[in-house]
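Look at the two complexes coming up: chain A is in both, with chain B in one and chain C in the other.
Let's look at the complex of A and B:
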């Protein structure tokens, strides 16, 4: 079902209802066109921002771009245009950034584990937060992290979950029903990841935390920012799904 | 009032209640959605700050720029395997393991661990810029040994 989104938006609707009186008739097509333009104008900033956010080190330069795009979207919403809700925008982009950052670290550990930058900065990260990325590093036949079970998580998540999550997030941002459905599916994958991964770390806590600079609590403070699925799931199960069209 | 009119009224009422709410959010869940939005923004900004500052912080913590990346790589390797003779090989033979040869740590048996079903590493915790001190002390010691060797 492809419901028209006109008048099913935030804002009080005064802006659109005032327009015809002020400047003549506004047709549904005009409104549609204006909304589409406003959406794309905001998305250009949001996409540029999100690409930088996903790079780690250059993320700080992406944040102003992203926030500016968010502001443009909010202004368009307030002006009564039919644009994507802020929550959908935030969840979609956060899922992409979260998945992108995870992919970056894990793909490098899988195939770039002998690069100098990885052997310095990422094993240093391991030494500070999680010695799974320091202990016997590059001793396993496949290279990279040697912590028990870690490679299995990496392969499963890099090859299956995170690409699926990024695809779902893109379709979700396009307000497609399959994007919404697959975001629910992959957010529940995210819950499985969190429970399985933290349990693995707990069982092999000596390997992960002995001799580490900021063990356990440090890891939690650092990694709690990846808790995206737990914030997205309550929204996804309570939002009116009819706003996502087939 | 006919049945259809009352239904229209109810719909109109629901619509007016939802008028100030974001698309897709019903009044029942408006408060939860507001808190989720705040949480998501915190996570987004948190990820950006972490992403931007962690790697520079790590580089400084482990001795950059006093030590170059190759030095830090070697110092970390010496700590990891409790062996001062180990050096980071750079550049490493491309493409590296698993299809292009053995990994860097292959065959090293000097790492100190209490082995068992749950291994327990015994390398020391590395303090702030401690690698610089360890590096300088070893160089001084080696220089001293060389100088000592010249005077039997």
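Let's look at the complex of A and C:
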């Protein structure tokens, strides 16, 4: 977190409404107020972008909004305001988007599997990358993907990991200590998920890759982006935890 | 950074090498299966 150094770069005229050079007096309260405003102004764009990114289909429209929010935050940081560090912002939002995408996709496979749109979308996706979403689709008692083990992963992660991950990411973005601690927990959960899920893919590879258009490499290219929480682990373990308050 | 921090960092690096190695192994196994099976 930027320490509240008053008018640290007062010459650039950005985000400091009253500088001593202009005859104004900036108190610590003014600085806090300006920082809060700048943070919220950036967060509005970041939240809108992250929400769109998390919808999958509208993700492409979310990216420019998200990047604009990041730019606003960077400008505020350069102006010397006490705003959230860029790395905390990136990790918090990306972990949240990761959880949102997974949550939405798997909830729909759990409960929306007989809707026309998902019978089309999931089986089409399954046909191209992962026959776990094609082979005997909707033919078990629970519906949706019939790949061995898939439903167990869906239930465990949808009910436990992803909601926990979203809650932790929100608190992490608010720079709360519990958010930081729980983000570490949920990021390590990511390790468990990847170790277990990829093993499942390998064990049942004959089911999942047989007859698909783009076997193995297709699945890895599509899914490797969900490794984000993994990548955050070194940062989370080395960052100064004192920047997160109780 | 004290000795304990250094050890922790080293353990974290070692564990990451193991995890990414494991993922690469899975990818390699799947590629091998792709090459040898009639998918």
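Note that in this section the second predicted complex is superposed on the first by the 222 of 246 C-alpha atoms of A that agree within 3 Å, B and C clash if a C-alpha of one lies under 4 Å from a C-alpha of the other, contacts with A are read in each partner's own complex, and residues count from 1 in each chain.
One rule holds in what follows: a contact is a pair of C-beta atoms (placed from the backbone, for glycine too) under 8 Å apart; a residue touches a chain by one contact, two chains touch by 3 or more.
Bear in mind the structure is a predicted one, so any value in this text is a computation, not a measurement.
Number of chain A residues touched is higher for B, counting chain B against chain C. Once the two complexes are laid over each other on the shared chain, residue contacts for A:238 go to chain B and to chain C alike. By the document's definition of touching, both partners, chain B and chain C, reach A:206. Of the two partner chains placed by the overlay, neither chain B nor chain C lies in contact with A:64. By the touch criterion defined above, A:198 lies against chain C but remains apart from chain B after alignment on the C-alpha atoms of chain A. Contacts of A:87 after superposition on the shared chain: chain B is touched, whereas chain C is not. Once chain A of one complex is fitted onto chain A of the other, the partner contacts of A:114 are limited to chain B, with no touch recorded for chain C. In the superposition on chain A, A:216 makes contact with chain C only, not with chain B.
According to the touch criterion, the shared surface of chain A, contacted by chain B in one complex and chain C in the other, consists of residues 205-206, 210-212, 234, 238. Residues 8-9, 12, 16, 19, 22-23, 26-27, 29-31, 33-34, 37, 39 of chain C are the ones that touch chain A when the two sit in their complex. Across the interface of their complex, chain A is touched by residues 19-26, 28-29, 32-33, 36-37, 39-41, 43-56, 58-59, 61-62, 69-70, 72-73, 76-77, 80, 88, 90-92, 96-98, 102-106, 108, 111, 118-126 of chain B. Residues 191, 194-195, 198-199, 201-202, 205-206, 209-212, 215-217, 220, 230, 233-234, 237-238 of chain A are the ones touching chain C in the complex. For chain A in complex with chain B, the touching residues are 5, 8-13, 53, 55-60, 62-63, 66, 77, 85-88, 90-91, 93-94, 97-98, 101, 113-117, 119-121, 123-125, 127-128, 131, 134-143, 203-207, 210-213, 222, 224-228, 231-232, 234-235, 238-240, 243.
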